[in-house]
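Here you go, one structure.
Chain nomenclature is as follows: A, B, C and D, assigned in order of appearance, with residue numbering initiated at 1 for each chain independently.
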Amino acid sequence: MNAQRSEKLTFALLLAATIIVVLPVLVIIGIVIKNGVGAITWEFISTAPRDGMRAGGILPAIVGTFCLMIGAMLFAVPLGVFSAIYLNEYAGDNLLTRLIRLAIINLAGVPSVVYGLFGLGVFVMFFKFGTSILAGAMTLSIMNLPVIITASREALSNVPQSFREVSLSLGATRWQTIRHVVLPNALPGILTGIILEVGRAGGETAPILFTVAAFSLPFLPHSVFDQCMALPTHLYAISTQVPNIGLDVRYATAMVLLAVVLIVNFFSIMLRMRLRRRRQW
Amino acid sequence: MVAPNTGDSTPAKVATRDLSVWYDDEQALKSISLDIRHNELLGIIGPANSGKTTFLRTLNRLIDRTPGIRVSGQVRLDGRDIFQDIPVEELRTRVGMVFALPVPLPMSVFDNVAYGPRRHGIGNRKALAELVEESLWAASLWDEVKDRLDEPAMNLSGGQQQRLCIARALAVQAEVILLDEPCSGLDPVSTSMVEDALVGLKENHTIVLVTNVIAQAARISDRTAFFLMGELIEVDGADKLFTLPADERTAGYIEGRYG
Amino acid sequence: MDQPIVQTRGLNLYYGDFQALKDINLSIKPRQITALIGPSGCGKSTLLRAINRMNDLIAGVRVEGEVFIGGENIYAPDMDIVAMRKRVGMVFQRPNPFPLSIKENITFGPIIHNTLKQEGLDNLLERTLQAVMLWDTLKDRLNQSALSLSLEQRQRLCIARLLAVMPDVLLMDEPCSALDPAATQRIEELLHELKAQYTIIIVTHNMQQAARVSAECGFMLLGELVEFSETGQMFTNPTDQRTEDYISGRYG
Amino acid sequence: MRTTTTPLQRIWEFFVEKLIFLSGFTAIIFVVLLFLFLLKEGLAVFKTVSPQEFIAGKSWYPISKPPQFGILPLILGSLAVTIGAAAIAVPFGVASAVYIAEVAPPRLKEYLKVGIELIAAIPSVVIGFIGMVALAPIVANVFDLPTGLTALSASLMLALMAMPTTVSIAEDAISGVPREYKEAALALGATHWQAIYRVILRAAAPGILAAVMLGIGRVIGETMAVMMITGNSAQIPHTLLQPVRTLTATIAAEMGETMRGSPHYTALFAIGIVLFLITFIVNFTADLFLRRAEARR
């Protein structure tokens, strides 16, 4: 077989592998929608569960998930973005920054359930927040931190050095340079990373399992020290803990969760595409 | 080493003494002693990696940003040591820099020129407008862009962008302007417009022009310095250096034996 | 007079809407060095890369006209590009040896073209490295990484890697721009050696280099081939005003 | 206009910069805190069992009397699932990384990347749910098993979850190989595929290894999906067709029922330490590879 022929065959095989990798995601989304859409009613998304979660809706879980997403970002975003600025704009390459870098990649790889343990011990027990929205949001935010730092740092380092040099050569200070030249140009990239993590905060289960989640709580939270329901834990509970729940209700819950997460991701993808089109340096 | 050229009676605007620069273990500049006079246009020529750009970036301390950099010796601006006596922001305000490729910031023409003054606390719209006009005028760009001030600076042609960068340095009232091969990306017409702008600026500014085109240095510089492998080989009036160089290596470079 | 080995006829090249080459008609004679000069952005590298279809790699490139290598139009639809590139080798601005051993760099071409057995490994290594004057320095360290070499040695290795596939034409895109004066001089000497066997087309931003090494020379400006003539003629008595402007340093 | 900054501005900048420095250290503080905390709570288990019994003990019966805390079945459970997932994820992941980085036309490349990102976006509890209700019955049918909740089902779903990490990092590594190598190879008359497998893949090898490691790290740390699909039986696995229980699932499933400070509670934290150490090693090695890849450019 000559080189060109074997090349064609190999590329076809690679394409096949790629399809096998990407196709399941569409299958999963398809299955969830097909089986769940029938059970989605206005009542389902606007009322609390009744009858041991076998009837009624999932409103408290939706609200709880949004509370956790927002809460997690309140902590993680400022801390993460500032850390990224430090690492990219101020820190040189020395032992300390290497340690920080190592810490960040390690944090990014820690299993989510270990974050759950950490949140349980530190926020629930040590700081005595109890199982609460506060403890859960803090736990999620620490889990989100490394990714936000990494994404922000990448966005910052994509701003051309020449922009910084121009600003400095005009006598601007370091912070002025960051504030007026670097940050505005890195912002879309930073936002992309943040939105991605909002989605992850909404979909994670293990870290909130013992820090915030209520099994069933048919009313909405009033303060950050309340427990709340959340979509992922709710799906877990009705799938494994509660017998005799209609499969369509479970699929519908999965569909709502998937919708929340995918819509958030969709925004992130749109933002990045716009960013790529706009960038011209 | 070359003795500092002090034949002129006016004190130097910028003076370096035994200036050496290392990148980690590699010495990029070797004991440079050079006086740059008030309101002269000093050309710097030399092959790639001869230290021209390093020299330029040392004069306004942009070199500080390079990891692993080490500097020894002195640089004085109007007699004051730039590493000790002058805050770095002030130094960079007074000693402006124009880079090899034009770097318009991603904002409008007006905002580009106003960027520096705004950082120095000028917020008054009218004062800014005047300053912008003056600077663009001095960079020989006003007529071409006066109706396009709100357009993104990226829309200008290469030659216009480069003059915009000069105007930007003028807007913070730079006294010394450093230019690092400013015409390397430009066509002949744009090149001659930038050159004309530089010659016009000479009246009130000290200009240091690094160039890889020997003819450009010969055309517009008052004096020319020749760098080779981190050393200052010689510096002399352009008429002399290009016709009767004192050093064999300068002659070799001008005749194009290397580079 | 030899037949031209490379010929372009009405060659136009576009990057999207931008026309980078305008109606280029060029004839390159075999076994001599031809230089292409001009200010940056004039299209000289683009023209060079059109001669072995390296431009195919760039999205949005459109080519009109013909390029003949030894009488064969390489832009013909049924052209075997791979076989053509084997005949028309290229040396790049930045030396780019593969991150493999010195030996693997040299054997790369012969292995993919199944010619290694015919020549034999030892012969191949000695022939190519001798030709670029690296044999004596490197013969005992052929298994070391090519990235351990100096810039000049890397560029020589890249040339040796090319000679291993026995091309007819060598395209060189500013091969000395990353090198210091002494290395430049030695590479130029190497070019003089090589031209006995190979047709060399060199793109350079250094006019003096073109004057030193080439027999014929083309001056390009804004995508046009302004002037093409015998090198001595071009540098002493150019026919076009723009050539004269460039040679006397009015640009850049 | 020489006066450049006002005192107020300077004070403001001072504080902003200090805040920035402080944030830089928080990441380190959290890692140290996380590890110290796990140590503090987890090491107490060794009052009840010896380290050998804990790591090599063959039975995990935390609520029998006396309780038995041997995590060997859990380690082997994690291992079985991980090997199964890696066996699928590595070849397919690397193949599609090559396809996306080198072969796919630009338009298709965009769509494929979005598709890969969507996989990453699906919450693991949804993957677990689908595995449980849609995949497990199929597996049970095909292999004629009493239940489809097995290591194999989990491996299949986890391979999918490892994909985004593996593909995108490997793709970065491949696209990061300097263009010049490819040009040089093509200029020697190589076909595109010859350039890929003889030069590009070898130049990208450290990055691809890192991608594989990080994908595996993702699988080891995954919790919800394995908890829902593996069948959660803490026995030493002999084939992929039987139920297993992983380290992560054990923590998630049992933490809700323990008393604070009880041996069971500390045992779960000790499992946390084990997980932390495993992922630390995985990430650390992957980072070494990545830095080697970077140094090569």
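As a convention for this text, a residue touches a chain if its C-beta (ideal position, glycine included) is under 8 Å from a C-beta of that chain, and two chains touch if they have at least 3 such contacts.
In this text, all values refer to a predicted model and were calculated from it rather than measured experimentally.
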In terms of mean CA position, the chain most removed from subunit D is B
Ranked by contact pairs, first place goes to A-D
Rounded to the nearest Å, the gap separating the Cα centres of subunit C and subunit D is 48
Between subunit B and subunit D, the Cα-mean centres are separated in Å by 52
Rounded to the nearest Å, the gap between Cα centres of subunit B and subunit C is 36
For subunit B, residue numbers touching 2 or more other chains are 89-90, 93, 119-120
Residue numbers in subunit C touching two or more further chains are 82, 112
Among subunit A residues, those touching two or more other chains are 3-4, 171, 173, 176
Seen from subunit B, its contact residues with subunit A in the complex are 60, 62, 65, 67, 89-94, 96-97, 99, 101, 103, 105-106, 115-116, 119-120, 154, 165, 168-169, 172
Seen from subunit D, its contact residues with subunit C in the complex are 106, 178, 180-191, 194, 198-199, 202-203, 296
So, in the complex, the side of subunit A touching subunit C is made of residues 3-4
Within their complex, subunit A touches subunit D through residues 3-4, 6-7, 10-11, 13-15, 17-18, 20-22, 24-26, 28-29, 31-32, 78-79, 82-83, 85-87, 89-91, 99-100, 102-114, 116-118, 120-122, 125, 142, 145-146, 149, 171, 173-176, 199-200, 202-206, 209-210, 232-233, 235-236, 239-240, 247, 250, 254, 257-258, 261-262, 265, 269
Residue positions on subunit C within touch of subunit A in the complex are 82, 112
